[in-house]
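Below: the structure, in structure tokens.
The chains carry the letters A, B, C, D, E, F, G and H, assigned in the order they are written, with residues numbered from 1 in each.
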Amino acid sequence: MAKVTFREDRCKGCGLCIQVCPKKIIRENRDRINAKGYFPAEVVEMDKCIGCAFCATICPDCVIKVEK
Amino acid sequence: MGERLLMKGNEVIAEAAIRAGCRHYFGYPITPQTEIAHYMAKKMPKVGGVFLQAESEVSAINMVYGAASTGKRVMTSSSSPGISLKQEGISYASGAQLPAVIVNIMRGGPGLGGIQPSQSDYFQATKGGGHGDYHLIVLAPSSVQELYELTVDAFNLADQYRMVAMILGDGVLGQMMEVVNFRDEEPIVKADKSWAASGHGMKREHNTVTSIHLDPAVLEQWNIALQDKYKTISEKEQRFELYKCDDAEIIIVAYGSVARIAKNVVQVAREEGIKVGLLRPITLWPFPTKAFEQVIDKPNAFLTVEMSSGQMLEDVMLAVKGRKPVHFTGRMGGMIPKVDDIMAKIREIRAD
Amino acid sequence: MFLHEVIIAGFGGQGILSAGRLIAYAGMLDGREVSFLPSYGPEMRGGTANCMVVVSDEPIASPVLNSCTALIVMNNPSLEKFESYLKKDGVLITDSSLVQKKPVRDDIRSFELPATLMATDAGNKAFSNIYLIGKLIKETGIITPESFEKALYGVLSKSKHYLIPQEMEALKAGMDY
Amino acid sequence: MAVVFDRPHALVDIPMHYCPGCTHGIAHRLVAEALDELDIEGRTVGVSSVGCSYNNYFYFNCDMIQAAHGRAPAVATGVKRSLPDNIVFTYQGDGDLAAIGTAEIVHAAARGENITVIFINNTIYGMTSGQMAPTTLLNQVTTTTPYGRDAKEHGNPIRVCEMLSTLKGPAYIERASLHDIKNIKKAKEAVKKAFKVQMAGKGFSLVELLSTCPTNWGLDPLESLDRVKNEMMEYYPLGVFAGKDLEV
Amino acid sequence: MGERLLMKGNEVIAEAAIRAGCRHYFGYPITPQTEIAHYMAKKMPKVGGVFLQAESEVSAINMVYGAASTGKRVMTSSSSPGISLKQEGISYASGAQLPAVIVNIMRGGPGLGGIQPSQSDYFQATKGGGHGDYHLIVLAPSSVQELYELTVDAFNLADQYRMVAMILGDGVLGQMMEVVNFRDEEPIVKADKSWAASGHGMKREHNTVTSIHLDPAVLEQWNIALQDKYKTISEKEQRFELYKCDDAEIIIVAYGSVARIAKNVVQVAREEGIKVGLLRPITLWPFPTKAFEQVIDKPNAFLTVEMSSGQMLEDVMLAVKGRKPVHFTGRMGGMIPKVDDIMAKIREIRAD
Amino acid sequence: MAVVFDRPHALVDIPMHYCPGCTHGIAHRLVAEALDELDIEGRTVGVSSVGCSYNNYFYFNCDMIQAAHGRAPAVATGVKRSLPDNIVFTYQGDGDLAAIGTAEIVHAAARGENITVIFINNTIYGMTSGQMAPTTLLNQVTTTTPYGRDAKEHGNPIRVCEMLSTLKGPAYIERASLHDIKNIKKAKEAVKKAFKVQMAGKGFSLVELLSTCPTNWGLDPLESLDRVKNEMMEYYPLGVFAGKDLEV
Amino acid sequence: MFLHEVIIAGFGGQGILSAGRLIAYAGMLDGREVSFLPSYGPEMRGGTANCMVVVSDEPIASPVLNSCTALIVMNNPSLEKFESYLKKDGVLITDSSLVQKKPVRDDIRSFELPATLMATDAGNKAFSNIYLIGKLIKETGIITPESFEKALYGVLSKSKHYLIPQEMEALKAGMDY
Amino acid sequence: MAKVTFREDRCKGCGLCIQVCPKKIIRENRDRINAKGYFPAEVVEMDKCIGCAFCATICPDCVIKVEK
């Protein structure tokens, strides 16, 4: 069981986390625009998360916290 | 009549230089004047000219020194910190009596400061930021059209007097777009360049471009020649605009983009019934003392407005020579004076 | 006297500056005096950006505005910063997909338009600024749609001309909103 | 549940101003992680340069000094000579370090100045809107090479690690990349090693990080990572250029 | 009383710096002040200090910036062209409010010029050769003893006001030898350095030394704070010497080594029965306007004498404010004014 | 009787100001001989730098420009870009070229700027009275290293040819010496070749000449030549560093 | 009033400056006010060099001399340049091994001394300046031989002290010439 | 038969020519001081000169002309 937390207001929607996630469980949330004007990333199937922290490793903006 | 285009101030400078026959540009990027380089990078290869991005401002000014030594029309541009780095080179070019055009699109300082418009390099430009007794011709345009015309003039003056001419603008002028009317042909002064180092072809003595004269008596003579030249220029080349000064009780002295705001103030004040005029120096060096002699009798006071802590103010006081009170208001660090603030100052002066 | 002083403000990357430039260009094509002054932030993306456009029948004293007749805002901070610039009865247009804040003044004419969402829905988020210009044209008459179209042809590089019909669609949608 | 990844303490908890997908953010985190893991935040003085990272003094939690364009190695020298027991690093872009700052980096390296240099190579001037850098690849289009960089006209790109490693001063020089997880992890080790070299008093250390500038490259963040891998790494091979056998 | 030694001006500067607690010197060689570096190179290692020859003046000033940022007393020295190269760095240090001492032993310019004494960097030093609205405290010694005392003062003033203090000398002062009396102990001001970047030891928020403030409103506030500081200094730190001004019909205004010659002139003139006095600015910035207020009533005229084309002259005119005529005589390019020439000018003024 | 040796035309017939035995004079003659033999005096523009040779514009008969300290390569770039068909050379000391002028020489080299650089390495600053240069040997006593140059404190001497030859720009780089007849003859060939490389449009050429400064070394002229041979050549090996196989 | 203003001039490398410095040092040891001002040429060897020394009972206004009471010259150009500086009855001392020119003035006291040849003959060309100082002391009394000897000990580094007896020999030879 | 000519007033007495001369026929003239203040070099046995031009090659001051 692992958990990732996104600080949505810090996200710039760059999509890097989405691409590196081995489980492909992150996606761009097209329904919302955060205060910075970006579509933030969000996790869709948290239970599939393996806590590899790839997303956090590549996120340039320290948006993501990973727990396991 | 020539073309009528909506252009950015910085691009107009570049275009004007090319029209003035400048085919050599050396520069290093810095906000808020990078568009000059971008424009040159695109255009120069098309007109058989050279655009070269130097490794630094220091290198850029020394490339200018080299190209100017060969007799070519050459230009560099930068903004405040970059211009500071060029001071040694500017002093060298002045010492060696080389014609060249340097553009400073000023931003807020000191240090890295900010990138918003400012006029706080006035002293540096007019008194000499480098070492030694020298001057630059300093031109202060206040519209995009004038950026164009004065840039062409700068090349002519530089050639004519064998010295460095500087366009002193600010971020507002560099970044703003206005309509510019280009002439079909530019009035280009053909100057003698027989002093240039361009290869003597075994046909004459070798030429030397230098700023060093180790014998102080020789160096003094050299300096005296420079001072004589400066005196001539000061007599012949002062430029200024007088706007509604004839009946003005208060004359605002302002240059560059601040002069534009001052024009607004003149309108607003006159609507309020206060007779305000504008004395706009176009040459900052030579400072247009003649303008003051023309208007000195009428006004009760002068008001210098700057985007700096009061630098031109000193030249205004030197020109006014204690004959009338001289006031000051200004903003710093990239802040632009507001019509209301200037109006408040005017009311304060009148209340005195 | 024909005098429009417009401020457009938002984040960098939202097309703030190109909106202003297009209006100035179109104004020139309409035979008017124009000036355009961008305020340039240090950041390439995401920083604040704004510009000032004047379109007038008279020579323009200063391109620097201390007040304006119309204001377009594309984020919250810009509304806060510039609302007070609006003259009485001035026109405020906000991109309501991004601006949650409401104007505090009631002596202005205020319009909301979810431009970014409209643009995204229509397939090109980058055109959000055009919707807002459409609304501006509608409410102020600062330029004509025809001169705006010509301005697009004048400003855009050839390779982008194929997009112009889409942009004109966006303009119309903005005008009609 | 244990925290397996969170922002390092040495990175101030505020948003950064970089463009979406810009790897400056990753590089910052790696430096901050090194400061955390080596427990040196309290005795470190960082020197920011002029480039997109001009204000990273807001982001690093150690004491910071903002240096003039290109002069960070000289500033760092002044700091290190004043505080020999502190840890001193510079963070510089490729315009800053390899153009205007050439003399300063060469001489800091030649002196074997005991400082650490984090060198961000994104083959372009980011902050001033995409001009050619000394590291710009051949044929790359920038705002000052609108027709592409041409060897004859603009010269060939400079390989800083290769050049500096001809000097005797540098104790450790490595080039790493930030374009994927594996390389980010390697880059992290390199950054950490550079600080350790300094802590051990071995002299000058520099880590070049191949980075992206999606905005000025005109690519999206993902394409940008691909460009690092497919275009940059060929001309800028990764590896250790000085101090291969150095143990710290 | 301390030691009494026959020393060269340049060496005295170095010795004074060390006595003032300066343990960090960064510089690049240039005539006529190389002896400062030579002395430092010998002495610093012996007192546990750092002498580092930088790769250039640009690097030197930035090393100074770094060392000053840590709160240490630090110095650099150069001569005219080298000082021009430091202008960006000086503007940065001023913007970041860093205390540091810079010595300029002026030589003839512009450009490479010559190596003989000159005062033609007056504008650069006092008005700001770099970009932005800033000032340096500029001290102008006129004897070897004063070189010593003012160098110590420069460190104190720099620390006290968190700004750059400059010793503005010339080749005569740097090269000449005179007897200097050293104090047993120096009066050292202990200034707050809690702003320094020296490692927070996890005990406080991190410190930042910077000159950039991209928000123009913030940068303006920063500039206003600088201007306020400058105003305080201008009120509190003006220094000058008045020599036989009480009854003088003509007051010579001269600084540095020229003031020495002017003293000779005062003697010679008085022997001839002409009452001449000397107003010697010791601080060039702040310019000692108070001195002029003290003496303004008596004299018929002022005579500014410089080894330059008339730079301080402007400050004298600004101080005199048109109340009395201000004359000028000077030499350039490394030539030193002669007693006879100054006397001739004085006779000419009287004849007017 | 035929003249087998006389001063070259390109060297103005006036006395030179150098100290007795200073090899600056030899270097000047070699340059002038190259201009004569290649018949390029009339289309050459030389750039003097700041050092003891500051005023060699008096000595060379071609058009000359006096450049600021360290900036001769930038000045030469400005000249060459203005007059691409002319021949342009700089004449620089080791303080000028390798200290303050580091950025300018590195970037002129990196650009492959089609100019020729004559680089006088005498391991010291001559003109300003004997301070340490970047090329000063370890343990050498100078006015700014009164206790000898120390690697830890002052860094190791920089080998300019080695450093520049890591760049792609330089077409030809050679180090020669002026300490005896054989080497002077080799040096002459090197200087000539450098100009030929430029004439052929091949790009940047540089010849480093190991030279003496009897005055500031505190040695007599003969001892000085010995020092070049016995001390300098070990650290500064002679040879071709770029363009070994280049035919011109 | 005790006031000596001396100019010493010749080529660099002839010991012009050290001669001046020694006189000033000795003057200080005699308890007088002194100043020493070298003019420094750009060239390390062979360029012109001169210095100005003042030894006085009163504080010295300026170290820069426009006239002098004594002049030592060690090459032809220096004679031409400085002869006019000499006050009436001033003392001129020339190194006749190097100066062929003769002074044009007849209101001065002129002395010739083949100092360089004397020094070369005695085995150390570098001491030529000392001979000339000897003569200066003899003719003007500006300093005493005793204070000059002390000055040598004060100025020279320990490793050179063994030369001092030779130098004092030279001084005497100069005084006695 | 070869001949070397020295422009004596240009000579700085550095002695390099003396050392490189394979025939050792150059010496310092201690009897004269030239206008620059140096003891100039001179050839003592001109007839031994082989015209190798070594002296001229090493002379830093272009004092020597060689004919053969």
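Assorted remarks:
The working rule: a residue touches a chain if its C-beta (ideal position, glycine included) is under 8 Å from a C-beta of that chain, and two chains touch if they have at least 3 such contacts.
Bear in mind the structure is a predicted one, so any value in this text is a computation, not a measurement.
The chains touching subunit C as well as subunit G do not exist; no chain touches both. Per-pair tallies of C-beta contacts place B-E first. The distance from the centre of subunit A to the centre of subunit C, with each centre set as the mean of the Cα atoms, comes to 34 Å. For this pair, subunit C with subunit D, the centres built from the Cα atoms lie 39 Å apart. With centres defined as mean CA coordinates, subunit H is found 59 Å away from subunit D. The residues of subunit E that reach two or more other chains are 31, 55-56, 58, 81, 88, 92, 96, 111-112, 115-116, 210-212, 214, listed in rising order. Touching of two or more other chains is recorded for residues 42, 46 of subunit G. In subunit F, the residues that touch at least two other chains are 19-20, 54, 66, 68, 99-100, 102-103, 106-107, 127, 129, 134, 154.
Within the complex formed with subunit D, the subunit A residues making contact are 1-3, 9-10, 12-16, 19-20, 36, 38, 51, 53-54, 56-62, 64-68. For subunit F in complex with subunit E, the residues that touch the partner chain are 50, 54, 66, 68-70, 95, 99-100, 102, 125, 127-129, 131-132, 134, 143-147, 154. Listing the residues of subunit E that touch subunit D in their complex gives 24, 26, 50, 52, 54-56, 58-60, 62-70, 72, 74, 88-89, 92, 96, 196-203, 206-212, 214. The part of subunit E that touches subunit F in the complex is made up of residues 28-31, 34, 37-38, 41-42, 45, 51, 53, 55-58, 81, 111-112. Listed in rising order, the residues of subunit D touching subunit A in the complex are 1-7, 11, 15-16, 18-26, 29, 180-181, 184-185, 214, 220-222, 225.
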